[in-house]
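In the two assemblies presented below, chain A is common to both, partnered first by chain B and then by chain C.
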Partner chain A sequence: MQTNSRFRAKKILGKILIYGTISLALIVVLLPLYWSLSTSIKPEKTILHIPIEFFPSGFTLSHYSNIFNIIPFSNYLVNSAIITGGTLFISLVFGSIAAYGLSRYKFPGSGGLLGLIIGARMIPPIAFVIPLYLMISSFGLLDTHLGVILTHCSIVLPFTIWIMKGFFDELPRDFEEAALVDGCSRLGALRVALRLALPGLFVAGIFGFIESWNEFMFALTITRSPASTTATVGLVGLLQTPYQIPWGEIMAGVFLFTLPIFVLGYFVEKHMARVYVVGTVK
Partner chain B sequence: MSEAGSRRSKVKNYGEKIINSDKFIVIGINLRGFHQFLRSKKTLGLLFVLPAVVVLFLVFIYPLIYNVDLSFNQWRLAIGEEKHYVGLSNYSYNFSDPLFQKVLKNTLIFTAVSVPLEVVIGLGLALLISRKIRGRSIFLAILCLPMMVAPVIVGLTWRWLYAWDYGLLNPLIGVFGMGPTNWLADPSIAMFSVIVADVWAMAPFVFLFCYAGLRMVPQERYESAEIDGVSSWQKFRYITLPSIKGILVIAILIRAMDAFTKIFDVVYTLTGGGPAYATEVLPVYTYRVGLIFFRLGRGASIAMITLLVTIVMILIIRKIMKR
Partner chain C sequence: MKVTLEQVTKKFGKTIAVDNMNLEIRERDFLVLLGPSGCGKTTTLRLIAGLETSDSGNIYIGDTLVNDLPPKDRNIAMVFQSYALYPYMSVYDNIAFPLKIRKVPREEIRKRVRNIAELLKIEELLSRKPGQLSGGQRQRVALGRAMVREPDVFLMDEPLSNLDAKLRIHMRGELKKMHQRLRTTTIYVTHDQAEAMSMATRIAIMDRGVLQQVGSPKEVYDHPANAFVGGFIGSPPMNMWEGDLVEKNGKLKIDTSFFSYPLPPDLKEIAASKVTLGVRPEDVTIDKEKGSNAIKVRIDVIEPMGRELLVTLVSGDATIKMITPSDRTFRIGDKLKIKFKEGKLHIFEGKPL
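Here is the complex of A and B:
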């Protein structure tokens, strides 16, 4: 009887410990996000206030309109969207066809190409940013959308090929063979396979979107003016504001910028383990 | 045998059907040969990968090769210098440069502290979450949030948390009786602050990695161990750890490689490498030398050192994964 109650007490204590630790982790994860979000809706006076206000006493959306006035933030968002869209277009079209080729055919150099694609996922952008800058510059593509799109392709294209190859590998060949027997051309078979791999294309697209939208270093290197500056570069540029950094506006921009990522991330959350774990390991 | 044979003949028929069809005859070249060439699996595979390979060559392979060439040249763009060959002098300059040594040391410290922290936190949380608990999917969703936040945004957010006067962190540690700290301006603390921000962003990656690994451990092993009355520590030590050792080693190596070669955005936004180069890490320094000071050759030589470290790490990872 006594041992039983001790056992139960131990079990309850264990439960408290488990849920306590998890709660602590959740707080640590959410606190910075909460602090940013609350800053973005606080009136200026309460942002620059000692002692700090953990729970905002006032509410304003002025930072959200102000961010578009103090910097051309709408330009930056549009630039980010164009660059992400262009990167996705090139990467998904070329990447999925290449992934199909790699998955279905063996040809001289296919093994090496596969190794290269895995390597491209691991080799850091800093290792080739200087020559890439010189090349983009010699093409006359500095401060253009296309210039940034090309640099982003060096990250997103190998990623797309890798994800799509995984999807094609798991796709049974029966459908394509049936299509071939029915008199479809090889390209027709590719179309059949692509339609079946559409969910894969969707997942690859979202991950590619996140990579390109969030990218900073290449954009910093290539962009110069509001004509091509991306949202990441624009927001970081606000740190150079003299006297007082406009934290309310920065955090408003941060949330406008991050919202699409959170929405899209919601769709691929269950794939994250697969892509980030299997995608990098296999 | 007969099935495969009939399929083959069907495909062959299909081939002949195309070759004999009108539109090919109209063009009037040796279509049979050309078609055979196109239809060969090798050619088709090559054709499919060709567009992607062209793009990759342009934006990835050629820059890597060009970088090797650059690293053997001196080319200070800021003073309008012409590119000229200097052999290995960029490399020898780097290794005798005290600042480069400091940067190397900073990067090693950053890697050696942040990666173990991430592994302990990530593995610990994965062990907790993979138990039978309520609300797991919500925990998972929240714990994975930092992975989606752009590294630049991580830097901005933490810079605001660390703000000396109006930030959240100083009042927070004040609750525990600690005085305000100059998180980012104190050279002895700045690296620690950068590491904390990076751990916040990257521990979820290790967590997800470990969680995926833990889910692959067959449950029967635990069940039979429970019948034998094994303690939870013994279960962890003799069942869990050996089962996920492989994936854990890979996670550590990948994280170490990324920490050493890819940490840029967070440092750039938090401290910009300061104060007094206290948080200057290898990628930030490469960028500074190459694309801010425009010493292209020397920047390329530092990038080469980073690349060599990466390649060595890739080879190690591949060797471990083959086992």
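Here is the complex of A and C:
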């Protein structure tokens, strides 16, 4: 009996520890989000009120309509979407082809090349802001979508190659060889391999999306006008508003800006789970 | 369609996988490439498929030189050891895939897939995914995918090795029946000599990249070209002893360190003096007469195999395997005299394996 109750006490303690840790992690992750949401719906007067209003006493949606008036925020969101889409397109297409080549063909220097690609990913981006700025400028791509897309690819592409090479390495060659014998060209065989490495494309795609959507530094250096400015740069720009910083509008913008990532996470998580289940039943 | 290999060599780094191979696979042959793992048989098959490129030599399918043709232009079909069915496609789509790639009209595809499915008795599986099939069913689908295109040559890379023993023997018969019906030239890779013997019209035996012998199952069994072939084909394997060829008073005999045995005069053309004597277990018989040929042995192990007994005999340090009808009773330790059936002795130059 005694050992039984001690065992139960241990079990309860374990549960407390587990749930305690999870709750702490959730607070750390969700509190800023909650704060931006609650600030965005507080009436102007109560935002900087002391003592702090943890639960808003009033409710307004005016910040949400204002954000689109005081800055061209819809433009910024569209720019972000175009740049993220472009970055993903270039990175996934070229990244998976490059990864396929590195995985399937041995050529002189192929090992070193892979090391170089990973190495490029490890250098902090700030180290090549200036060279990249000069390059983009000499291409005449300053203040264009393509300019930002290319700088984002410098981060996302190496990671895509790395992830996809891992997935292709795991994939038996039999499938592609069957496709070659069945009548496919090399490119057709790559299509079969890509279909089988779909979970890898998802992982690389999600990473690339978050990386490009959130990116600030390169976008700040390359963009000038509303024609190419991204949402991150646009929102930070509001901090330079003279007289009074519009916190309500900033927080409304932040919340709108993070929304796509949550929506994506929700759908992709379900899809990823399905992909894994399919993958296990050989 | 016949397939011809002319002085084909393939190296991987410093390893020679296929060494100067000359082989003609006749039209309608069911040729089995047989050998231990790493002997180059799969590489040979992949060279014919175009999945590897040879370092030198020529490969012809029919009269076409295919050295530089990609696999898709060789009009061959291949069944892989892993089956390599596309896991995300239904059985129907798997079988239809080679036709879709070739832009065959949809109606035609439907007709041909249905015919194949009927032939292989997999009609009710067409809408399933490969993951929902048993090993034997996957095998049939892989076969269906190969057959649907009506290729010039079938290539099969150990297609039965992932099946359990019973199903394997069943599928052997099915494959043989299929070949008799379609009459398509088939090249089949296996390391299982029983599979090769039961299915092949001709067998090509390889060892360390070198072709050892090509012939019908009966030819390679009755007249193995060398000690390797003799030892590799047949189960239990051939008895082999190293010895010296000696001629005395016009009579030929072999002296091993365990016994001496007279040889028929027609074996005289062998030039080497160091030779290997090979005798299959079923060609070892008990000698009831008093003869000078007899070898004295003692029974060491008896293994009943149903209709027959596999008896291990010892004479000094030599062991001799004998297969004998099970109607006789033996006891371990019994002393016997044995001889070898006339005309069933094999003399190979050099040492045994």
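The criterion applied here is as follows: the second predicted complex is superposed on the first by the 236 of 282 C-alpha atoms of A that agree within 3 Å, B and C clash if a C-alpha of one lies under 4 Å from a C-alpha of the other, contacts with A are read in each partner's own complex, and residues count from 1 in each chain.
To be clear about the criterion, contacts are C-beta pairs under 8 Å (C-beta built on N, C-alpha and C of every residue); 3 or more make two chains touch, one makes a residue touch a chain.
Since the model is a prediction, treat every value here as computed from it, not as a measurement.
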| item | value |
| --- | --- |
| Partner chain in contact with A:K106 - chain B first, chain C second, else both or neither | first |
| First (chain B), second (chain C), both or neither touched by A:P172 | second |
| Chain B versus chain C as contact partner of A:W35, first or second or both or neither | first |
| First (chain B), second (chain C), both or neither touched by A:I130 | first |
| Touched partner set for A:Y64, first chain B, second chain C, both or neither | neither |
| Chain B versus chain C as contact partner of A:F159, first or second or both or neither | neither |
| In the superposition, chain B vs chain C on chain A residues touched | B |
| Touching partner for A:G188 - first (chain B), second (chain C), both, neither | second |
| First (chain B), second (chain C), both or neither touched by A:L196 | second |
| Set intersection of chain A contacts, chain C complex versus chain B complex | 177, 180-181, 183, 185, 278, 281 |
| Residue numbers on chain A that touch chain B, as the complex places them | 18-19, 21-22, 25-26, 28-33, 35-36, 39, 47-52, 54, 90, 93-95, 97-98, 100-102, 104-110, 113, 116-117, 119-120, 122-135, 150-151, 153-154, 157-158, 161, 177, 180-181, 183, 185-186, 190, 210, 213-214, 216-217, 221, 232, 235-236, 239, 247, 250-251, 254, 257-258, 261-262, 265, 269, 272-274, 276-278, 280-281 |
| For the chain B and chain A complex, residues of the former touching the latter | 7, 10-11, 14, 17-18, 39, 41-49, 51-53, 55-56, 58-64, 66-67, 70, 121, 124-125, 128-129, 131, 133, 139-153, 155-161, 163, 165-168, 171, 200, 204-205, 208-209, 211-213, 247, 250, 254, 257-258, 261-262, 264-265, 268-269, 282-283, 286-287, 290-291, 296, 299-300, 303-304, 306-307, 310, 313-314, 321 |
| Contact set on chain A toward chain C in their complex | 172, 174-175, 177-185, 188, 192, 195-196, 278, 281-282 |
| List of chain C residues in touch with chain A within their complex | 49-51, 70-72, 76-78, 80-82, 84, 86-88, 97-98, 101-102, 131, 145, 149, 155 |
